[in-house]
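What follows is subunit A paired twice: with subunit B in the first complex and subunit C in the second.
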Partner chain A sequence: MRKLLLYAGIVLLCLTTGCEYKDIDRRIFVVAIGIDPGEEKAFKVSLKLAVPQGEVTKIDEKMLIVTEESDSISEALRLMKSKVEKELDYVHCKSIVIGEELAVGDIRHILDWAVRRRDIQLILNFAIGRPAGLDVLKVKPPSERIPSNSLIMAMSGEGTESPFIASVYSYKLMRDMYEQGKDPILPIIEAEGETRFQIDKIALLDEHKIQLVLNPEETRLFNLLTRPNLKTNFPAKVDESEFQYYTESSTSNYKITTASTGAPVIRYKIKIKGIVEENSTQELITHPLLEKISEAGGEELKQSVEALLEKIKDKRLDPFGWGLRYGTRHWNNETEARDWEALYPDLKFEVTAAVRVKYSGLIK
Partner chain B sequence: MNQNRYLYWMFLMNSLLNILNFVPRELLDARFKGAQTSILVATVLGTVFLSVFTLLIAKFPGKGIQDILETALPKGVIIPLMIMFSSLWCVAGLITILSFVDITLRFVSPDTGPHLVILSFLVLVCFCARMDSLSVLYGMEMMLAIILPLIVYAIVKALVNPDFSWDSVLQIVTYSAHAPDWKSIAAATFSFSGYFNMVVFNRVLPKIKMKHSWIFAVNGLAVLLLTFYVPIGYFGTIGVERHVYTWFSTADSIRINTFIVERMLFVFYFAYLTLSLVSVTVHWHVGKELLTGLFRSRKQAKARTKLWRDLSALALFSGITIAFMGLDQYQLNQFGVVFLYARWAGELFMIMLLFYCYAVAYRRRNA
Partner chain C sequence: MPAQQKPDEVTVQGIKEKLDNFADLENRELTAASGTGRLLFIKSITDPQIINRSIIAVFYEMNDPAAFAEYLAHYPGSKAVEDGKQAMDLMLGGYACVEVEGRLIFFDALKAETSGVSETVTESITQGPSDALTENLAVNLNLIRRRYQSAELKMESMLLGNISRTKAAILYDDSRVNHQVLEELRQRLQTLRIDMLQASGELEKYISSDKIRIFPKTIVTERPDRVVFNLAEGKIAILLDTTGFAMILPVIFNDFFVAMDDKIQLPFVGRFLKLLRIMGVAMTLWLPALYVAFTSYNPEIIRVQIALLIAGSRATVPYPSFVEVLLMLIMMEFLTEASLRLPRAIGPTATTVGGLILGQAATAAGLVGNIMIILVSVVAISNFMIPLNMMSFSIRVLKYLFVMAAAAVGLVGVVVCLVGFTMYLCSQRSFGQPYFKMFVLDSLGASDSKKGGGS
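Let's look at the complex of A and B:
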């Protein structure tokens, strides 16, 4: 009996075909997807494909871009199956770049597709491509060894830690898109020719399309307000000399105070510890001067943050989730959303920036 | 170590398994209504059920449920009761296995046929469920020791993510002032029903005692709160309802920077694959023991007859599972909800039966 079972088992084992798994040399990996409006059809979908290579030491970047137009994204991908000889594999896809032209319309369709498809990760970077998604895919920096790796490194913060880059995973985009009292953001990737890109702007969206694009300066302030320990530098002007200080640590938080009378106030508190990085004059930095730098830096930061907040408020956007925060502090769930809508136009901002420049660097 | 730890492992296994499919979905569907108060009510009810049941069954050391019932009830009543209870356990395992086949196909291996996946799970489970009760318990303990660190790691990693939206969680907390509802309570008490397996394992754990019931309460509450709040932190108060396998999507949203694999999904999948297979093994072992108990004869049966009995019971369970494979996503969900209610009613009924048996035994002793 036992032996019979054993033999039967061995015979059955021979029949298994490895879970219908296709070998790696029969697959081609999609590393990035670009989606633009088509010339005739609704979408022009481009895939950046990485060709698997054997030896790691001899890797020479090999990639391929295929493009197809169709009225639906999945149809375009199916059509592309007949343009390559290998099976397209999406599990390693790390970025979706939406063309700017499409993003001023509606991106919910694309997001829905990307989250619904089971083989596309939820930790995939969404971004807006300028001038178009395809142009961003075509960028191939000379420093890159694995296809599309530069984009992945830049967005994940594992390589460069730029204060101008904000990365948005698809689960986060979806959360903010549906959340009441919070609006999504998307980073903008600009292609500059075939070898360089620049990621230093973010787009603020309302429910589904671009409403406002922040310039690099504002983007940095936005990042300062949304994440801790942003590594960057800020200016401080004392008398006629320009200083730049580097932020060793930074925190920011806010409170919404709604007194029964008067306008609701959002109080931002920013705390920065810094070190002087650059001095435009030959002046020696003394302790009083260090304090002056701190004060001037704080004042400058306060004004620029207030300007940014006012600019966002004028567009009636809410990328920081103020509305959601208002909801967390109020228990009248049926009416709080309407209350917030009514309060929003009267919002006032008070920013306190406590900058403390502690060191003058290696020299005085 | 004393035998009480097995009770705790059984509890922990169910408690962790609730994340898999129906429980978070039912609770999250009621997130703007009574989900949070239901969790609190379920914690109290679940702990009471667990404590009362364990206290009662500890009065009959070394006896399975059939032996206990035979002391007080006529044979004609016991047979339908046993069939009913064993079908409950069969369905418990069946639902886990069907959900997991679905998850495997969706998240890990879309190209594999569903029949191949389910067959390999069934073969493994049936072989393991045939072991004797103590071996099943030892195996469960081992497996828990392997996967518990992985699950704890996943949860810690989920909570320390800077993108976790605490505001969304707090917003849901402000929705907590609603009356609890039956559906959510039935779903949440599932987290506590691991003790129910004691109906069979009491035979091999004669020294079990009910101690430290607060540990079960605290642990159960913590798991339920995590089950409920973590997906909200990842998918927001409104977006969360769009996800089907909420917890697997959550695991897919967690990125591990420095590890062999970047996606938490695979770590989580491995842990839950093991956990669900162990849980199905335990459930079907109990179901099989209940069913084959009906054919027991006075004298010791031959090993061969026992083998055939076991195999036919398990083959029956597997057959039912394959028959249920035709259900689509929504039908499976409805079936799961019906099971959640049925299981709860079954627990209550079992406790009442045990209480009756205990009362009869008590009267006999004092008469």
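Let's look at the complex of A and C:
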């Protein structure tokens, strides 16, 4: 009898579960968070929830947006728990969109919360939403099958490889924000109606708020300077014809030279291998012409990059981490930060753009 | 044909000494009024009819040793030998040795046991020999001796079981075997006090010293080529009369994942197959547990797309994920067990009804998720990738432990279980030999890999 009870007990024990046990169908996944300034309270937090479907074959994306105002973000999330029937699960939250209105103020509060909270991953994408975070969350492109998938794909670079998008993970944002000698950046997502968004601008921040917004052209150059093998095209004008060349491969690096006399110089070296993609006059492309295109393209690139760098310098921003680079190459740990501050206003830029357009495309 | 002279170095006595410990060596004296002769042969590979009719009967009919010697020497299939090595080769190849009138004549009496040897059922391979061990010990010995023609292959025989009196034969290569293990085995068999012994697996239970046995410590195989392969590696084989399976010991964990066609395939193909098998084990062991862990504790590990897919497929399922998994797994076990017992003609019907219709209906009714059906099929298929049944069955049961651990504490449970099993395996010994000697490059591992089967 005792043995029987023991066995029965073991069997029953096996049917119990641990304390963190919650089935996946009793959770609702938050895929994106939008944070805007509230009308009455400090924050208006919106959550985009993915509603799973039973029939995989039916293309019918369902999503749900819940909004709550509160003075603290955590409080707003707790309040929202009673608005849905399932447990809110943030583990698959892939993006936080901060409203522009909030981003011109201070984003440190939000960032601190996102990094501190244990179930929000450090690899979520931060962005600024225009006109507001909620508007971006509401966007539902027709090509999307899983809620917020398009946002995730576009922002992380898993899907589109647009040269205008810079993806910023929360750990990176946190690092850049508190690192001496480097300033954070954030991509700007503009909602255009209910079905489309556009990400082609970058906001440059100082310690905690937006200082400068780069236009798409500048954003592309910024990406060219910050990451290798950017897939894009650049113009080149030879005589009367307008050419566009595709960048098959691109690299860029820089050196900071501080001579004892004279102004400190940052030398940028950009190397691009290109293919002609567009030819406005249908001129026959010969090898000498290719060389001319390369030269013209290099010159044009050089000028626009220099203009961008000067523009950034005028705002006293450092999104490339020049100050950090300066610090790593100098031994005077106590004074190097101050030295750099003193050097910064005198910075000169020298850009060499080595563009080599190799092919004429497929037409000979 | 010149008269056969007895070579100086080959004597009946010499052969007998070489074949020491051969329980199946027959040594007869032929005595007639006119003289005597001596007949020496290995019973298990010689045909008694040939010996009776062509040697013994003729000897007594002729009643003249000199004429008999002449008769034998001119008989097709008889041979004279030059040296001891050739004599030994002939003896092991099924020749009977006749000493008469001071002459030593070898007479072909090979018993080719072909009828009664059936094809392998549980360990089929695509290429290579397909004959299986039979229920007849003599036939089995014939199958093995034919493949292992070496004087070093010794055989000891004994009777096991007070009632069943099962004939058992211990085979080993004297030059390669670990004598410590052999001694231990002899001791364990001698102290055995049982009534009935009918199967090789049963014997393992009796001679094993552990109380709780989770993994098989001996290989039970029906393939004579596997027996021979392992004998050459210095292992010991125990053959039982009345069962078509041989037992091989000591073994390491890795041995259970060697199929006999690994060596037939090209080395890189063999390695790939081995890798597939290990992946199969991992799949069948962990997939159900991981499903429970991912759906109920750690959905952050899988991608959001898959998480939503699983959540969607589970939307109509009324009970927790581990009940769903257990239900489907048990259903699958029913199916496997049932198709084993079913008559061969009904087998396909059962799989169709069970596998296809049941699975389809269960998802359509919303009782289990779609993903679950895929998972269960993968588990069922990959389980049978293990070439040896004993291990395959062990793994089949063990996966439930992982599911329980996952249901209790999620992914942590699966990892803890895995670590626990690794430690358990490392602590195990098969007849005093380390059981989990998997990636150690010692002499055994090196000899294994040299044969191209992947170590």
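Basically, the second predicted complex is superposed on the first by the 344 of 364 C-alpha atoms of A that agree within 3 Å, B and C clash if a C-alpha of one lies under 4 Å from a C-alpha of the other, contacts with A are read in each partner's own complex, and residues count from 1 in each chain.
To be clear about the criterion, a residue touches a chain if its C-beta (ideal position, glycine included) is under 8 Å from a C-beta of that chain, and two chains touch if they have at least 3 such contacts.
These numbers were taken from a predicted model, which means no experiment stands behind them.
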| item | value |
| --- | --- |
| Which of subunit B and subunit C A:Ile123 touches, first, second, both or neither | first |
| Partner chain(s) touched by A:Ile10 [first = subunit B, second = subunit C, both, neither] | neither |
| Partner chain(s) touched by A:Leu362 [first = subunit B, second = subunit C, both, neither] | neither |
| Which of subunit B and subunit C A:Met174 touches, first, second, both or neither | first |
| First, second, both or neither for A:Lys22, with subunit B first and subunit C second | both |
| Which superposed partner A:Ala259 touches (first subunit B, second subunit C, both, neither) | neither |
| Contacts on subunit A seen with subunit B and repeated with subunit C across the two complexes | 16, 20-22, 119, 121 |
| Of all residues in subunit A, those that touch subunit C in their complex | 14-18, 20-25, 27, 29, 31, 50, 52-56, 89, 91-92, 94, 119, 121, 146, 149, 152 |
| Subunit B-touching residues of subunit A, taken from the complex the two chains share | 16, 19-22, 115, 118-119, 121-123, 158, 169, 171-172, 174-182, 227-228, 321, 324-325, 327-328, 330-331, 333 |
| List of subunit B residues in touch with subunit A within their complex | 32, 106-107, 109-113, 116, 162-163, 165, 167-168, 170-171, 173-175, 177, 234-239, 242, 249, 252-255, 257, 262-263 |
| Subunit C residues touching subunit A - in the complex, by the definition given at the top | 294-297, 299-300, 304-305, 307-317, 320-323, 370, 404, 407-410, 413 |
